[in-house]
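Written out below as structure tokens is the structure these notes cover.
Labels A, B and C are assigned to the chains in the order they are written; within every chain, residues are numbered from 1.
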Amino acid sequence: MSSRDTILNALRRNAPPLSPAPRMPEGITYPDPEKQFAAAFTSVGGEFVRVPDYATLNFELEKLPYYANAHRIVSLVEGVGTPNVALGSIQDPHALEGVDLAIIPGEFGVAENGAVWIPGSALGSQRAVYVISEHLVLVVAADRLVSNMHQAYERVKIERPGFGLFISGPSKTADIEQALVIGAHGPRSCTLYMVGP
Amino acid sequence: MTDHAAKAAAFVADEPRTHWHDQALWFVRLKRDRQAASIPEWEALRTAAASIKAHTLSRLADYLEEFERNAQANGIKVHWARDGAEHNEIVYRILSERGATRLVKSKSMLTEECHLNPYLEARGIEVTDSDLGERIVQLRHEPPSHIVLPAIHLKKEDIGDLFHEKLGTEAGASDPKYLTEAARRHLRERFMAAEVGLTGVNFAIAETGGVVVCTNEGNADMGTGLPPVHIACMGVEKIIPRLEDLGVFTRLLARSATGQPVTTYTSHFHGPVRGGEMHVVIVDNGRSAILGNEVFRRSLSCIRCGACMNTCPVFRRSGGYSYGYTVPGPIGSILAPLREPEKYGTLPFASSLCGSCSDVCPVKIDLHHELYEFRQELVRKKVVPWSKRFGMAVLGFILARPWLYRLAGKLARWIVPRLPRSLTYARYNAWGRQRELPAMPRESFRDLIRKESA
Amino acid sequence: MPKVGLFVPCYIDQLYPQVGIATLRVLRQLGLDVDYPEEQTCCGQPMANSGCAEDARPLAERFLNVFGRYDYVVAPSGSCVSMVRNHYAQWLKGKPGFDRLRVNTFELCEYLVEIAHVASVDGDFPRRVGLLMSCHGLRELRLARSSERMDAPFNKVRQLLAQLRGIELVEVTRPDECCGFGGTFAVNEEAVSCMMGRDRIADFESAKAEVIAGYDMSCLMHLDGLIRRARKPLKVLHVAEILQGAKLA
């Protein structure tokens, strides 16, 4: 008998009596989701910038401290940034090593924890771009915020086959004496531009 | 046999360091409290999580089959391993079939349980643990001392010395930012050179056939975004039924584990990278047997958050190594003796049964009740030494007979004050090493009541 | 008039009889018909906590025989009452009288608040008091909301003591961390047990407590042992000893 069958048989034989699936609890909702989102995003080491339109976004982008020295820039948001690396032309994700800045669109944000959902299709052909880049910029529309993760998962469309993730701020670690260090293996900073009137 | 008490005593002997370790973990518990308090429906979430897990465990085989179907439809190869040995063979085969010798790994307690690293290294595979804490202990040839905070037992100076020796950082440098930067550069080389990336699985979703991995460092994302081959290893109990169930678990996991609202990366893998491969290895290794155990099956609900370790006053003052098992602390004190009762028979007694663990567990495992029950298991199996069992039998005999109980009490109260201190507080009196015995009153309560009614 | 059986834990009977006397005074002061059945011995916790279930069985059975006749059973001990309510079913399930016994056995403070409905505590206790929220009473009997949980806060013990004139209930940094007694744990894991106890004492000292008050004398015995070895001026008292001087209504 295959391992698969051995395992499944054992699990069936030893199964406890059927227990019903529960109803999902009501999640907290915020009267001002944007305020909560901004606070949560900032608390995890991210930078939150509110802009009324894409023109202002581009203006603000150039003010980022590292922007002047960013030699290799990927932008997956039409009209944002001055990209010089075309992701579509890259065959091997290793070629992304040394990308200074990646500008990526977020589908929606979650107020309770500052998380942003990014479907794999938004990452283009090389999904590693969100983690290998030295710095990360996320662009999210202001009217695309939910309060909590229950609402978030109602909106998430899992691309099959595919990939998708929530990002909440820059990469970080506290593995050395619980001292928080922003910028572990992934981006050293994460700036989110929330765009809308 | 792992003697927790002896190891704990050795740990505690360095009192300042123990207090430092205790404070570090207590701080994480406080952060957890703050996050939990910010969610008015926190207790309802815990109840929902416990119910989802109980439901899933009652239909585990069905959900695993559903997962397999959906995963395969996503182009994921699904493998099944009866035990740790088979798991290791499967992982090695995937590597060797592709001629791969460089593996980068993100956190997986399951692979620790199966002793994957030494197995692969003996076969010429270079294994790099990519989580910073895990890399640190890997370089020290030590196991992790905590499932979420692997290097919590080390001071920054220890890590500075280690990195000076292994990574060429400046001698005496211990600034966490400086050391993390060095680790970033070092591990970036390993990510770039890796041929295969291996991750654990926080949650496997039956409905969509994908796996979810949660990290702060982004190491699982680097390890799966660069190499073309991704191997995800999971215990059978990691399955959850539907995507919407993640709403509950993603709200509980990071808050319970590290006191953050969510991990930086919550990555949902539903297929390989373009031109690549993805494998999932589903492992039993004793879990199906635990499922059949009515008393201890709830321990399978564990989502490996580590909150029980952070809150446990004994863990904080004895350290992960005192438990001698992959997963230490309260949950480890159930999982370890389930696997090998003779070897880990002291662990269920490494607890005052205070119950703090049960109150923080996001999936409401009745940890301290299971520890209490396990003690009975160990007595039934005669793992508890005869001297202890005999002592309790004698005590029980005395206490069941009022006249004998009163006589014993009267004798003790009479004799103890008349003994010289050198005898009362001799070595055999473990109570008396650091404590005074209570004063022995002349009369018991019963004596006083009798006098009163006379 | 309901008949109350006074359950005096074995170590209180033998080592801290004044706590039993204080408990009796408090209950009598409320006008209750309190009986102390002499044939009682021990609830069986030391054996049960050591895993020696069969050695605890006769004690559970004895307990039912001795106390089954009462409307209420009250004890100045959270852990012993927890034994009866949460663990006796293993040996007594289905036995006549057990269901009634289980739901009517109370620790003193919870009895005063929930059953006797004590609304006022009229007395003086001008001291700085640290509350030791012993674990079994806290997390098994839910005498208060534990700091881990996020339900609405409450504390039945504090509720009673706070009313005493002059009392100052001090705030500590870890309000309900285990003191380290844990029964046989105190001896089997002596090193960790004593460090836990000393840490608790240090917390109370930092808050400038003069008295450590609790509802479990076993925990207080452990702390007192450490206090007296270190010759510290702190005093330990059972809550019954504090309440016995007051008028409860």
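Criterion: contacts are C-beta pairs under 8 Å (C-beta built on N, C-alpha and C of every residue); 3 or more make two chains touch, one makes a residue touch a chain.
Predicted, not measured: the structure shown is a model, and the values here were computed from it.
Undergrad: Find me the chain with the mean Cα position closest to the mean of all the protein Cα atoms on display.
TA: B
Undergrad: Across the interfaces A-B and B-C, which one involves more C-beta pairs in contact?
TA: A-B
Undergrad: Roughly how far is chain A from chain C, going centre to centre by Cα mean, in whole Å?
TA: Roughly 51 Å separates the two chain centres.
Undergrad: In whole angstrom, how far does the Cα centroid of chain A sit from the Cα centroid of chain B?
TA: Computed value for the inter-centroid distance: 29 Å.
Undergrad: In angstrom, rounded to a whole number, how far apart do the mean CA points of chain B and chain C lie?
TA: Comparing mean C-alpha positions, chain C is 32 Å from chain B.
Undergrad: Hunt down the residues of chain B that sit against at least two other chains at once, touch-wise.
TA: 39-40, in rising order.
Undergrad: Can you list the chain C residues in contact with two or more other chains?
TA: Within chain C, no residue contacts more than one other chain.
Undergrad: Can you check the complex and tell me which residues of chain B touch chain C?
TA: 4-5, 8-9, 12-13, 15, 18-19, 22, 26, 33, 36-37, 39-40, 42-43, 311, 313-314, 317-318, 348-356, 358-360, 368, 372, 374-379, 384, 388-389, 392-393, 395-396, 399-402, 405, 409, 412-413, 430-431, 433-441, 443-449
Undergrad: What does chain B use to touch chain A in their complex?
TA: Spelled out, the residues of chain B in touch with chain A are 24, 27-28, 39-41, 44-45, 47-48, 51-52, 54-55, 57-61, 64-65, 70, 73-76, 80-82, 86, 130-133, 136, 149-152, 154-156, 159, 176-177, 179-181, 184, 187-188, 191-192, 208-210, 216-219, 221-222, 225-226, 236, 241, 243-244, 246-248, 250-251, 258, 260-274, 282, 284, 288-289, 291-292, 294, 297.
Undergrad: If we count contacts the way the header does, which residues on chain C are in touch with chain B in the complex?
TA: Within the complex, chain C contacts chain B at residues 8, 10, 12-18, 20-21, 24, 36, 38-42, 44, 46-53, 55-56, 58-59, 62, 87, 135-136, 138-140, 146-151, 174, 176-178, 180-197, 199, 221-222, 224-226, 228-229.
Undergrad: Taking the touch rule as given, give the residues of chain A at its contact with chain B in the complex, in rising order.
TA: 2-4, 6-28, 40, 43-44, 93-94, 97, 112-115, 125-128, 130-132, 148-150, 152-154, 156, 158-179, 181, 183-187
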